[in-house]
Amino acid sequence: MRFRPPFLLVLALVSCRDRAPAPRVTLTVAAAASLYEVVTELDSLYRTEHPDVAVRATFGASGALRQQIEQGAPVDVFISASERHVDALQRAGMVDPRSRRVFAGNELVVVARMSAATGIYSFQDLALPQVQRVALGAPASVPAGEYAEQVLRSLGIAEAVARKAVYAQNVRQVLAYVERGQVDAGIVYLTDVRAVRGVWVVATAPPASHAPITYPLVLVSRSPHHEDARAYAAFLLGPRGREVLARRGFSLP
Amino acid sequence: MLTVRARKRLPHFTLEVDFAVRDEILVLFGPSGAGKTMTLRMIAGLERPDGGEIRLGERVLYAREPRAWVPPRARRCGFVFQDAALFPHLDVSRNVLYGASDGAAEARERLGGLLGRFRIAHLADRWPSQLSGGEVQRVALARALMADPDVLLLDEPFSSLDAEARLAAQDVVLQAHETWRIPFVFVTHDRAEAERMGDRMLFLREGRQVDGPEVPGRGD
Amino acid sequence: MIDWSPVLLSLRVGLSALVVIFVLGTLAARAMTRRHFPGKDVVDGLLVLPLVLPPVVTGFLLLVLLGRNGPVGRFLEGAFGVRLLFTLHAAVLAAVVVAFPLMYQSAKAAFQSVDTRLEDAARTLGAGEARVFLTVTLPLAWPGLVAGTVLSFARSLGEFGATVMVAGNIPGETTTVPLAIFFLADAGDLRAAGIYALVISALSMAMVVALNVWTRRRRPGWMRR
């Protein structure tokens, strides 16, 4: 059969595994998708300092991660993008409340296209008549949208902006709308802006105008690696963790 | 000697047959839907009767009391189907060789002889889709006989052939019976064919044998 | 440069799932086309169910089944000390569950299209059931089985919703191409996402073309009319 050689090659490629030295223990951290770069960078730093500990990370929507933990997926450390999911796990007794810390924070910002002269310099300006469309995440399903709503409400411009709001399924969409000029401005997290060129931060929401945006970190009770998980969490919460967070635009607790 | 005593409930009637066949051609004759094909299938083991006994020589192929059942593959009942049922994905040689149980070399030798006998040697490498109606039936016959059966069942094998091809095909079967002196059970609904082919005739209508098991036919 | 691990992982999952799907789908279809038993239609409906459920729902159901408190998860952990969640095996399982109905349906149609009289003929010629299946039924059903294989392979390559629930999204371990594309696009790296999309498309196409050519070569005489 003339297709045999390529098939065998594929098979060979596919059965290769990494030949790294076997670690003493493997930790699994489940982290919100938005923390991908931060956690990945910290994990490789941790590996160089602790070669006997391998850290593998799974990233996803906090809600899905919580369900996986509830169903017994092997997770040692959980970093969520909202307190709600950690609360639920805590009520179910699946996480250790004494280990709960705030890993990082975030800020809400208004973004607009660089080249556009929109005349928007603050959150307040979103209510101006010349601003025709504003993009934000749908408050029911997107945390950033929920926070945006809180800010607008505290500034008294919620109805005014709601009339010109374009709701998106996620932050990526919001940024895409702004980039393409389909809206005049968008409301996203500060950390989301770094992923995109062509938009710039117009204003940052004052912390008092919304509930704190926090990423809680907690240890999972059923983990068989308590000591190692604790050490790893301490590393994340320590000075190195804070340095990476700051560099990537997160605010520090 | 093939003895068939079988009963089977069918949607419109109950089929009941009782006959014996020596080394002769017995014709099962009757209108469509009378149960002729079903009878053949029961003999071959492709259908299970509700009661009775089917015996080939010393061997009990089926019995209700005491329970006996020989699966079709072990019955040594050759079967020529109405549309030949040649394997479309095998050429003529491989079709005919399918039922051969001897070794490869011996089978090949017999194949040559058999193909020659039925005058289909020139078709050995053809595919079933390339054959005419008459050729197809001759291949089916050769295939069934290649497996060295103890009885040959033919289910209206020539119904789709024109008159001329039909006569030629009938001759082939008659000549085959000269060589293979085993019971042949031949099903047809054509009276002329029945009278030409059969040493004896059995008339089947709505599952019942009309006139007793010994009906005078050609051989008388 | 580009990280090839999602591609290799997808290939591993796809090819492993393919073998399992082919065998299970063929056997299940064979059993269902030959036997009649009470409740047969219900069984058929269950076997096809993943086709009509959204993959995320299937994923959630699998998560519960394989989890600590689920029947399968408890059995596996108790009897073998094995936990499937967050492993590549779970990804293979998700792919099998999701793509199985495609193979099963195709195989059923293929087997039903084989004239039963041909199988009867084989039996009267002395063939046992295994020989009938291997020498008559399978070759004649082959084009349909190939079609089913292609469909289910493509489906398992693109599998996302169920995979992410039971295998997680662990870069280098369970992040297959569809997961990589989704999370990269989500993070804003559309260029990388696009490259993966191209690679997986090329792979799928290659498989389809290869299978079609191979099938054509195997069946010269009798299929060309």
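Labels for the chains are A, B and C, by order of writing; each one numbers its residues from 1.
Just so we're on the same page, a contact is a pair of C-beta atoms (placed from the backbone, for glycine too) under 8 Å apart; a residue touches a chain by one contact, two chains touch by 3 or more.
In this text the structure is predicted, and so the values were computed from the model without any measurement.
Visitor: Which number of steps is the smallest that gets you from chain A over to chain C via touching chains?
Guide: 1
Visitor: Could you tell me between which two chains the number of C-beta pairs in contact is largest?
Guide: Ranked by contacting C-beta pairs, first place goes to A-C.
Visitor: Among all chains, which one's averaged Cα position is nearest the averaged Cα position of every protein chain shown?
Guide: C
Visitor: How far is the middle of chain A from the middle of chain C, if each middle is the mean of its Cα atoms, in Å?
Guide: Chain A and chain C have C-alpha centres separated by 33 Å.
Visitor: Which whole number of Å gives the spacing of the CA centres of chain B and chain C?
Guide: The computed centroid separation for chain B versus chain C comes out at 44 Å.
Visitor: Using mean CA coordinates as chain centres, what's the chain A-chain B distance in Å?
Guide: Each chain's C-alpha centroid was found; their separation is 77 Å.
Visitor: Please give the residue numbers of chain C that touch chain A in the complex, ascending.
Guide: Chain C residues touching chain A: 8, 11-12, 15, 60, 63-64, 66-70, 73, 83, 85-86, 164-165, 168-174, 183, 185-189, 210, 214.
Visitor: How about chain A: which of its residues touch chain C in the complex?
Guide: 1, 3, 10-11, 13-16, 18, 28, 30, 33, 36-37, 40, 56-60, 64, 67-68, 70-75, 170, 172, 175, 192, 195-196, 222
Visitor: Taking the complex as given, what residues does chain B use to touch chain C?
Guide: Within the complex, chain B touches chain C at residues 41, 44-46, 71-79, 81, 83, 85, 87-91, 98-99, 101, 127-129, 143-144, 147.
Visitor: So in the complex, which bits of chain C are touching chain B?
Guide: 115, 117-118, 120-128, 135-136, 139-140, 219, 221-222, 225
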